[in-house]
Every structure is written in structure tokens, then in C-alpha cells.
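Here is the structure we will look at.
Chain nomenclature is as follows: A, B and C, assigned in order of appearance, with residue numbering initiated at 1 for each chain independently.
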Amino acid sequence: MESQQGDRPELPRPTLWPVGFAVGVVCALVGFVVSWPAVAVGGAIMVVFGALWTRDVAGARRRAASAAAVPPTETAPPIPAHRGGAAMAPPAPGERFPRSKFLEGATLGIGAIIGGAVTVPAVGFMIVPPFLKQGKKEVDVGPISDYPEGEFVITTFLLDPKEGEVSRRTAYIRNNGFLRNLPSFTVISNRCAHLGCPVQPGGLIQDSKAKTEHTAHGEEVTLIPVLGVSSFTCPCHGGAYDPEGNHTAGPPVRGLDRYEFSIRRGRLYLGKTFSVKRVVGTGADAKIHRYNLRAPGEHVGDWESWLYPLYPPH
Amino acid sequence: MAASARRKQLQATVLYPLDWLEERSGLVGAVRYFLFRKVPGDTNWFHTLGSATLTAFLVQAITGVILAMYYKPDPNSAYESIQHISNDVWGGWLVRGMHRWGASVFIILMFFHMARVFLFGAYKYPRELNWIIGVLLLTLGMLEGFTGYLLPWDETAYWATVVGININGTAPFLGPWLSSILNGGASIGADTLSRFYSLHMLVLPGAIFGLIGLHLYLVIRLGVTSPPWSKEAAGADWLPEPEEPKPPRTGLVQPVPRGK
Amino acid sequence: MANRKLEERRAGFQRYKRDVKERGKPFYPFAMFHDTVMSFVVVIVIIALACIWKWTTTDHGLGAGWLGPLYADKADPGTTSFVPRPDWYFYFLFYLLRIFKWPDSVILGTVGIPTVLILLLFALPFLDVRRERRLVRRPVAVIGAVLVAISMGVLTYKGAVAKEAIASEIKALVPSWTKKQNLPSNAVPGANIFSQVGCLNCHTYLGAGSSNLGAPDLTAEGSKNKGIQFQIDHLKCPSCVNPGSPMPSFAALGEDNLRKLATFLEASKGGK
């Protein structure tokens, strides 16, 4: 190849016949695996395009031999080394859109497309899924008869059985009796509103009265009653809450989150989680200042909540 | 001592592959330049902290790669795979222990190295870029520690990560989005472990290796600073120009020439 | 003017290169020897730590030896009794979070101060543009470095010893309380209740617990001789007895448990 280029200044013309030949080869190979007629078709394509290609190459050789006598074309003037812009050949007189500019634009453009085609799906794969399909179904936490009135029960359940153990959560659930003929429950999440540490109940945990219920799909729900809860405290940075989940001491920026609940066929179901600024009143009469669910550490309902204007879909 | 013909032949045999490599790549010359370049004569033990940090990082890289052959990054099997490594696999307890304590040693050495560079004033012209790269390396190193801490999937790992991600979430404006991306969802799930594993094994080490390469290139190019208290500090314009060497004493005894 | 400073710097660097060329020593073997010895020490230290960690733990790795246990329990996202802590090199940031106790200031401790500090670190070469490197002539730098080192050390230490009152740990202290206070046997059930219902989240007792919301130390509560009935009434309604008291009511514990608590408090006469 090198000697060819050295001896003959004129290179063979670009030709598409090899492409057709390659298509024929592929077709034949695929046919070996898939079906025999394809082999025949591939073979025919190979023969046709191979013949055309050979004719082209042979013709180019003959033409090059006759063109060897032509004097070499004039070379461009030398480019000054320190000027990068002039490293490209200056446009010929009369050219409005020089070939070099087109090639430059095409290279950068195609490079950008390649970059985008690889990066966008990959980075999107990393970033987009955490924001999709984050809703969750209801969780069955046992018959309401298991929840004695006026006492908190430490209830441990699987938020999403498909995810398994990693979705295990704990809630402090208190049966408040009836409010206008409907059962009222206080369901408080045990994740501290400061930075998410597990909050501990300030009461006598009665392990001897622990119970295990099963949901319709067989997952376990553990219920452990706690006597005399006077507060909830967080062991990480000293946060404290009252039995309604209101923040009483330490760095938590709002009250403890709560779960919505519903009752069907005598069983308690936990629904969406929501955030709470504060709760006025106690038990069934409590008025809850509720907000959409926020992550721990994010303010709601006060001047610092403007720091979080756009919230990811959850 | 005249080199015998046999010795010459031996030398030629050894040098031949090196010359072959050098002619085709220039690598041998680069290694020779790195090894035999001049450094200030008064470099002391404080200057070893940088290479010590690199050694600690290489220990982490090697033990980490080997641990990855036995570790399973799934919440259901991560904890058990670590127990398997520690109890059943030959040498597993040693590799795991080296990786865990190597992390602490790496971070301590980074802080000491940073303190040394600061006190020597080696962040000043023309080494500002190197300092910035170094601070980046410090941040990335601590992020390595943070992401790696989750991998054993025990209580300390899980809860430290919950708090760490929520701390990120308190940043204004983009905080909630960043913590969702780290979590791989609304809260820590199975995806979080895979995500942290990928960050810990691929993204962060790749970035750290690249930045270390740049860091070392700049050290070689810009040179190492002398200790600022040294009497022979290189480039020190506060020291008087070296005086003319005194002519040797006349007399019977010739003084031994100083300085080698 | 800026040009002159730049010229001075460049000249200084040229002087440096000239000095190194004239008086420098080859990196190998002089400086590389030091590096190799130090790296050797580093590797030995890492291996030694790994070995000590393994060999000093008890109970198949669950007991803490000199360097902590080999394993904690497997992650349980629903736990109610675990005290989260980060790895030791994050203790200074962890303690910063405990210092910023006021909800409005939380964001300063989580992202505000650490971000400012790291930005200062990045910007250091542009904040200190003097060419001076001698320590005696860089008082700001030296004092700054010493202060930073000391404060990070103090924050790390305080982060390491920070304790919150956690029920399972305190319950284990009851036997030592019984000994120190010479508690009669009828006061021990009350001691158990006291350790679990969260009293030590605000009160201190024989060095355990934390002091919050102005709650007094209860080690010598019994020596004040307020009487069992007073204690019961106070526990049922603290703000009735002490107007303005932020202490919540413990009436839900029931008369029986309250009596046991009161007995314990009255028997706590202060450790010998």
C-alpha cells in the first residue's frame, strides 16, 4: 500500500462496492445459522458486488498507470506554525463555503451527537429512576383489636414486600378511641425529623406482651406495647418530641412525620407518609398542621422552607 | 578497571530490551528522568508524607479489588458475604482488616500531608494548581470513606448512611434532588447499595487515580520545596548569596574539601 | 505593579530551579530511600492494625476488643434502640451537628460551615499571595494552622465521647447504682423503671444521662427528704407542683409504677 501511494500520486477513487460485498457476507453467515435460502441470497449478493468491486479496482489500476505521466499538482504555500487558525488551508478564491469549514462543522457536530447519544441515556439511567414510581401501596399492620386504647404500640412492618427487608419500618401507633363514631389512630414515624436517626420511645417497653401478626401475603408484623410514653427521644443529637410528635427540644426542624391510615374489615392499613409542622391538642382531637412529605432536616411552614422551593416527585 | 568483554556482553544483553522499548515508546527515558531528577538537597522526612499517602491509597486499591471478588453487593447477601470473607476465606480477615484500617490511615496521612504542605508554604506560586488538586483529592478520599462505610450493610453502616444522605438533603435548592439521586429513590433501598458500590469501586477511584496522576506530574514538573527553615533552601531569596569558597590554607595539612 | 510581582515570582522560581540544578541531589536513591522507609512503616502499621483488630475481639467477633467489634448486627431499618455514629474521621462534623441545637440553625451545621471551610481551603493560594515561606514571618498561617488542628482534635474527641441516654445501656447501669447508692431492695424496681422511661434524656444521675431543659441532677434527690407522696404527685403533674416546668406528665405509668419510682428517688441519697 505504501509503495502504491509513493509511486502513484493518484489514489483509487472511493467506491461503495465493498459495502455491498460486506452485506452479502453478513447475509450468508446469518443464513448459516437461520435459514439456507438466506445463504443463497447472500452468496448471490457477494458475487455481484465482488465482481463490480474487482472491475473498479482493476480499472483504477489501469487509469493510475496511465496517469503517472501527469505532473504533480501544486502544493499549498507553507503555513506559519504559530497561527493555529491558518493551519487549515485558506479557501480557494471564489469559494464561499470552503470544504474545510464544512468538515470542521461536521466533525464537531457528529462528535457532539456521539457524545450525546452515549451520555444522555447513561446519565439519565443514573438520575431519572429515583424520581419515578416512588408511590407505595397500603401496608396491613394487623387487626385494630390488637391496639389497646390510649397506649402506644411499636409496630414493625415491611413498607414494600417486593424490596424485602430493606423496606422494614417502625411506627408508633396509638388507638385514640372514637372520633364522631369513627376510630381514630395516631400513627407516628420513628425517623427523627432532624437527620433520620431512629427515635426511641420514652416508656416501659413490654417485650413480654409482644405479638406477631401476618398480612394477607404472609409478611410478619411485630407489635410491642409500650407503657406510659412521656416523650420520644433521638440518640444521635439529642432531639426530643412529646407524645403527639411535636418537637420539644434539640435540633429537629419540625415534628415527627405521620402516616395516613384506613380501616378495612377490622384491620388497620397504613397509607402515605406526610410531614407535620406541629400538632395542636392531643389524641383524637388533635389538629395536625400537615405538609407533603419532606426529607429529614428540611423545614416546612416557616421562613426557611423557601430554601427548598422545587421538590422531587415522590 | 577495564570492563572485560564478557561484562560488556552482559551489559549489552540487559540493555537491549530496554533500548528496544525506549526507541519505540520513550518510556525508559521518562522513568530515568523521574528517578534521577534533582531534588533540593535538604528534603527531610516531612516530604515522605505524600508518597506515604499514595502507598496507603494503593493498599486500599489492591485490597479493595481483592475484596470485590468475594463481596456481594445485595442487601440480602452483603452482610453474609463479609462474614464469609472474615471467617471462611483464607487470608480474608487480613485483607478485610487492612482495607478497613487502611482507610483510616489514608485519611490521617492526607490531613498530615496537607498540613505539611501548608506549613512549608508549598501551595504558593507556581504550585497553586497542585494545591487545588490536592484539596479535591481530600474531598474525594473522604467520599470514598463515606460510600465504603455502607457496604458491610450492618447497623452502623445503614444508619450512618441514612444520616449522611439526609445531611446532603438539607442543602438549599438542590439538596432534596441530590439526596434522592444518592438514595436511588425516596429513601434508602436496594438500589442505594448498588449505587454506592458503583461510586466506591468505579467512579471515585477513577477520579482519584486521574487526579493523582496529575498531582504527581505537577510535583515532578514544578519540583519539591525545601523546608522553609533550611539554611540551604532552594530558591530562597532571604539567604545571602553563597560566598566565594575560601582558598585552601597554606601549610602541611590540606583541608578535606567540603560537600562530598 | 501586578506585573512586577509576577516578574518577582517568576524570577524566584528560576532561582529555585537554578539552586536545585547546582546543589540538588538525585531523587533516587536519596529522597526515594526516605519515601520507601516511610511507606514500609505505613504498610506495617496497616497490617498491625488489621491483626490487632482480629486478635483482640472476643465472642467470635461480636465483642469489642481494643479496636471495636468485627461485626455489628445486620442492618435493621426498623430498629428502635440503635445509636448511629459515623466513622471516626467524620466525628468533627458529627459534633458540629450537636453544637447547632437550634432548629433554625441546623442548616449551618450540616452544609453551611463545612461548605465555607472547604471553599476557604480551595481558595487558599489566592488568599495568601505573599511569597514568604519562613514560618516565623507567617504568623497568621501558623496560628491559623494550630487553631484548626486543635479545634478539629477537640471536635473529634467530643464527637467520640458524645453519649445519648439509650435505654438498653442505662439499664445495665442499675446494678452499679444499687451498689453506689446502697439502694434497699424495694428501690431496685424503681431504678429499672427510671432507666427506661426516658428520665435520663433530661436528668443526670451518677454521671449518666444528659442535662437538658434545666433538669436537675437526681443523684441526691432523696437527701432533700421531700417524701414519697410528693414525688408521686410531682410525677403525675410536674407543672402543678412546679409552675412553668417543661417536664411531661408520667401519670400513664400507673399508680403502682409511680410508687416504685418514688421509692427509688427517695432512696437516692447521693453516692459515697
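Everything that follows uses one rule, which is that a contact is a pair of C-beta atoms (placed from the backbone, for glycine too) under 8 Å apart; a residue touches a chain by one contact, two chains touch by 3 or more.
This one's a predicted model, so the numbers in the text were calculated from it and none came from an experiment.
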(request) Chain touch graph shape: choose line, ring, star, complete or other and state it. (result) complete
(message) Please tell me whether B-C or A-B has the greater number of C-beta pairs in contact.
(response) B-C
(message) Could you work out how far the Cα centre of chain A sits from that of chain C, in whole Å?
(response) 36
(message) As a quick test, compute the distance in whole Å between the mean CA positions of chain B and chain C.
(response) 29
(request) Express in whole angstrom the distance between the two chain centres, defined as the mean CA positions of chain A and chain B. (result) 32
(request) Pull out every residue in chain B that's touching 2 or more other chains. (result) 75, 159, 162-163, 167, 170, 172, 175, 188
(request) Give me the residues of chain A that touch two or more other chains. (result) 165-167, 195, 197-198, 236, 297, 307
(request) Give the residues of chain C that touch two or more other chains, as numbers and ranges in rising order. (result) 75-77, 79, 82, 84, 97, 106-107, 110
(message) Please output the residues of chain B touching chain A within their complex, sorted ascending.
(response) 75-76, 159, 162-163, 165-167, 169-170, 172-173, 175-177, 179-181, 183-186, 188-191
(request) Name, in rising order, each residue of chain A that touches chain B in their complex. (result) 126-127, 129-131, 134, 163-167, 191, 195-198, 236, 293-298, 307-312, 314
(request) Please name which positions on chain C make contact with chain B in the complex. (result) 9, 12-13, 15-17, 19-21, 23-28, 30-32, 34-35, 37-39, 41-43, 45-47, 49-51, 53-54, 61, 67, 70-77, 79, 82, 84-90, 97, 106-107, 110-111, 118, 121-122, 124-126, 128-135, 138, 141-142, 145, 149
(message) If we count contacts the way the header does, which residues on chain B are in touch with chain C in the complex?
(response) 34-41, 43-45, 47-49, 51-52, 55-56, 59, 75, 79, 82-83, 86, 93-94, 96-98, 100-105, 107-109, 115, 118-128, 131-132, 135, 138-139, 142, 145-146, 149, 152-160, 162-164, 167-168, 170-172, 175, 188, 223-225, 228-229, 232-238
(request) Give every residue of chain A touching chain C within the complex, in rising order. (result) 150-151, 154, 156-157, 165-170, 190, 194-195, 197-205, 227-231, 233-238, 240, 242-243, 247-254, 297, 299, 304, 307
